[in-house]
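Both complexes below contain chain A, partnered by chain B and then by chain C.
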Partner chain A sequence: MFLDVLFIGIMIGAIYTLVTIGYSMVYSILKLMNFAHGDVYIFGTFICYTLLGKYHINPFLAILVAAVMGGILASLVEIIAYRRLRSEQHRMISMITALGAAYVIQNCNELEWGNQVLDFPSILSAHTFHFFGMNIPLTQIIILSIAVGLIILFTVFLKYHPYGKAILCVSEDIPTASLMGIPINKTISMVYFIGGMLGVFGGILYSTSYNAVSLSMGFRGTIIAFTAAVIGGIGSLSGALVGGMFLGICENFIGVYVSTSYRDPITFLLLIIVLLVKPTGIMGAVEQSKV
Partner chain B sequence: MENIGSNSILNSPKYKAVAYGMLFIVCLLLPKIITNMYYLGIINYIILYTILCMGLNLILGYAGLLSFGHAAFYGLGGYTTAILIKRYGFSFLPCPLLSGVVALLFGILLGLPTRKVRGDYFCLLTIAFGEIFRLVAQAWIGFTNGAMGIVGIPIPSILGWSIRTEADFYYLGLILLAFTYITISLLIHSRFGRAFIAIREDELAASVMGINTAIYKIIVFAIGCFYAGLAGSYLAVYQTTVTPSNFRLEESCLMIIMVIVGGMGSLLAPVAGGIVMTLATEYFRSISEYRMLIIGVIMVAVLLYRPQGIFGTSAFKD
Partner chain C sequence: MLKIHSLESGYGKIQALFGVDLEIKAGEIVALIGSNGAGKTTFLKTVSGLIKASSGNISFKGQTINNLPPEKIVNLGISHVPEGRMVFTQRTVETNLQMGAFGRKDKKAIRQDMEKYYEMFPILGERKKQKAGTLSGGEQQMLAIARGLMKRPKLLFLDEPSMGLAPVLVNQIFKTIRELNKTGLSILLVEQNVKKALKITQRAYVIELGKIVHQGKSADLLDSEEIRKSYLGEV
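Then we have the complex of A and B:
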């Protein structure tokens, strides 16, 4: 029982990590709370739902199409709602446009797919493994390995690919990166694109594991991503991993051993405690404020 | 606002007295002029949101804190009144004040971290607080009656005046609004108010001048929350129900937009925001499935093209 809960917690944690990475990258570059993140990923998940349920497209193709569309939407939001405000001194402004963008996407999603919980088609087989006394469905193992695979892939991309290095440079210092000849606008759009894509992957995996997708998962996803990013330490990959895992495992244990209706309040309480005790997060470095 | 020359007729005390007097009479006679219950109902909601926005304006425009938890304080007020009246048999009279005080106390509690937690993190803190409030109200069935909410709050009466019709509620709202306006305007024009305007304009300079910025911010935040509690109390008796879904994060966002559309940091601007946005949401009710879409577009458009709001003067000084 304990190991089962732990395993599912790790799986949820891996999915949260995927969602968090995109969020955290965006935050580390622009210091912008991207409220639209969750709504973008739920948009992609809905697209995948429609492609699978209505048109019976090959699952891999459907997931890919959904992820690309999520990525495009994320960069569109950046171009329309955030880019013009980047030079704005007060960050509150872009935070509020972010929220406005989130509302627009959420409303569009609602118009198309409604606000009911929809049955997400199961892509994977329902085979169950037994070892060490645990009952683990094959689905969960596949989901976990896909999530971990994507995290590793993204890390490698960031460390070794020229575009990945460009992203790291921009997140370090925008003016300097621009002087070095890195196209800032393109790089930032790319970060949004990748962030949106990873988010959609996370959303699809999450929906697959619960066989359900609903509108309210969008906003919750934004909050989860930000919470995980803050708990782990914002802007770092290892932070996203630590935060996502921590949140996933905690949530699952609270849900099983305490009560599901107090799951979210306790999660938020954890967030508040982390903010009060160590605002920079578990893995985060202290950021000096300029006077 | 102060740009109009001092010799202008608009600024002469005599003109002002006449204008205020006429405004006062119009406000008093309004239910006699507008007898349509539906329009009066809309006006009551405008009053309600104006009180909320004036409180939020203190937090946003004067303390410079972005709070997404205003709906939670509004809800704290609503639940306080509902529970006091329904469960403990209180009369209505002390309820608005007590609701405000409960919101104030929680405001101090949530404001304390501003000393340590800054900017976006504080914003997240308020989101977390708002969600915790709503989820607890939903889960704690024994005390708050869960998602069903508290229903059937009896008709309030103050010193024999029982408040039942829309017009009665209009006068009650007007009293609360006048209280809010007068206290906030006294606050802003006091030594205290000048101190926190100084903090808004330049926190560092203010702290060098010997203003304890941390404490001032907490106090301004808590006072803003007090008015939310007041408005919540009004909502509870006006709607005769309070449910957790009245106090969703969406509601906080709507208030933030109202303040921004009106223009932050000036005393009367939130009134304009409240009127414009309440009328807009009412006008678009027939296409309510597009409501959030329209609100979202307004938010983005206002900030892209007129970040100082309709009547704002110096929004977003960093």
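Then we have the complex of A and C:
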């Protein structure tokens, strides 16, 4: 039982990590709270729902199309609502436009898909595995593998691809990165695109494992991403992983051993405790300023 | 090579440059000197595109480059090594150099260039896998210069390369700068170490409150009474 709960917790944690990566990357570059993040990923998840349920498209193709559309929407939000404000001194201004963008997308989502919980078609088989005394449905194993695979893929991209390294340099110092010939606007759009895509993958995996998708998961996604990023240490990939895992595992244990209704209160109490003990987050370093 | 005519720019509503004229010919090494806040760094930033020029004209190899974004300007052949070195401290020495070559497609030549600079600055070769933040100030300056050269620029801007370095390192940096110029690279050197800067350059401009107040051969400026008084602290 304990191992079952842990396994599912890790799976949820991996999904949360996917959702958090995009949010945290955007913060590390622009120091911007991207409030639209959750609404973008739920948009992609809804697209996948429609493609699967209405048009019966091949699941792989549907997931890919949905992820790309989520990525495009994320970059559009950046171009329309954030880019012109980047040079403004007050970050509060872009925070407000971020909230605005979030509400526009949320309401468009509601017009199209309503605010009820919808049945998300199950893509994966319901076969169950038994090992080490655990009863793990095949679905969960596949979901965990996909999530972990995507996290590894993105890590490798960031570490070894020239554009991945460029993203890291832009997040360290935008003016100097531009002196290297790194195209800043293109790089930032790419961060939004990839972040949106990973978020949609996370949303689809989440909806698949619970067979449900709803509008409110969008706002909750933003909160989850924000919390996981802050707990782990905002702006770093390892922070997103640690924060995502922490949230996922805590949530599942509380949900199973205490009660689902106490899941969020206890989780956020833990957030407060972690921050009181270590304000920069578990993996966070103190930001160094120029002397 | 670089021709600048009555250039004005600043930060928001605060104007910092008031009609600067400056020229650098191919192969020349030129100094731009002046006290703190005179507009030296603002001038470099405006030419390399980090700050928008509000009026005037900047032409490089016959092409007007006013208000092009910095990433376009560096690709035309002007490399700007910024004040305070500004290496990417969280990335390795090697990655810093790779970023300097961003956009270049000739992988083999990039490798060769890197080896060349590891030879020129052996300490960088020894520490290529270390984070740049772990290097000393002098080592970071060498890295910043090598990174600026990875683009194979025609013109190199150096902003206060000797700032905060121990005297022995200062001499080494100046020697390196002179050697780079001998390979045919044009250099614009901004320095507070006026004496040393005038010694290794051919011509120099003196900037005060956003205007060029003197210009001429570096050797002549070094002999000028006024320069000696204002910038070399001699009575």
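Note that the second predicted complex is superposed on the first by the 287 of 291 C-alpha atoms of A that agree within 3 Å, B and C clash if a C-alpha of one lies under 4 Å from a C-alpha of the other, contacts with A are read in each partner's own complex, and residues count from 1 in each chain.
Going forward, contacts are C-beta pairs under 8 Å (C-beta built on N, C-alpha and C of every residue); 3 or more make two chains touch, one makes a residue touch a chain.
Computed from a predicted structure; not experimentally measured.
Q: Just to be sure I read the superposition right, which of the two partners does A:271 touch: chain B = first, chain C = second, or both, or neither?
A: first
Q: Under the stated touch criterion, which partner chain does A:184 make contact with: chain B (first), chain C (second), both, or neither?
A: After superposing on A, A:184 lies in contact with chain C but is clear of chain B.
Q: According to the contact criterion defined above, which of chain B and chain C contacts more residues of chain A?
A: Between chain B and chain C, the winner on chain A residue contacts is B.
Q: Is A:165 touching anything from chain B or chain C once the two structures are fitted on A? First, second, both or neither.
A: In the superposed model, A:165 contacts chain C only, not chain B.
Q: Can A:149 be said to touch chain B (first), chain C (second), both, or neither?
A: neither
Q: Which chain A residues lie in the overlap of the chain B contact set and the chain C contact set?
A: none
Q: Once bound in the complex, which stretches of chain A touch chain B?
A: So the residues of chain A touching chain B come out as 31, 33, 80-81, 84-85, 88-93, 95-97, 99-104, 106-108, 110-111, 219, 223, 226-227, 230, 259, 261-262, 264-265, 268-269, 271-272, 275-276, 279, 289, 291.
Q: Quick check on the complex: what are the chain C residues that touch chain A?
A: Those residues of chain C that touch chain A are 48-50, 69-71, 74-75, 79-80, 82, 84, 86, 88-91, 95, 98-100, 102-103, 147, 151.
Q: Which residues of chain A touch chain C in the complex?
A: Per the stated touch rule, the residues are 162, 165-166, 168-169, 172-173, 175-184, 288, 290.
Q: Contact residues on chain B for chain A in the complex?
A: For this pair, the touching residues of chain B are 66, 113, 116-121, 123-125, 127-129, 131-132, 135-136, 138-139, 204, 249, 253, 256-257, 260, 289-293, 295-300, 303-304, 307, 316-318.
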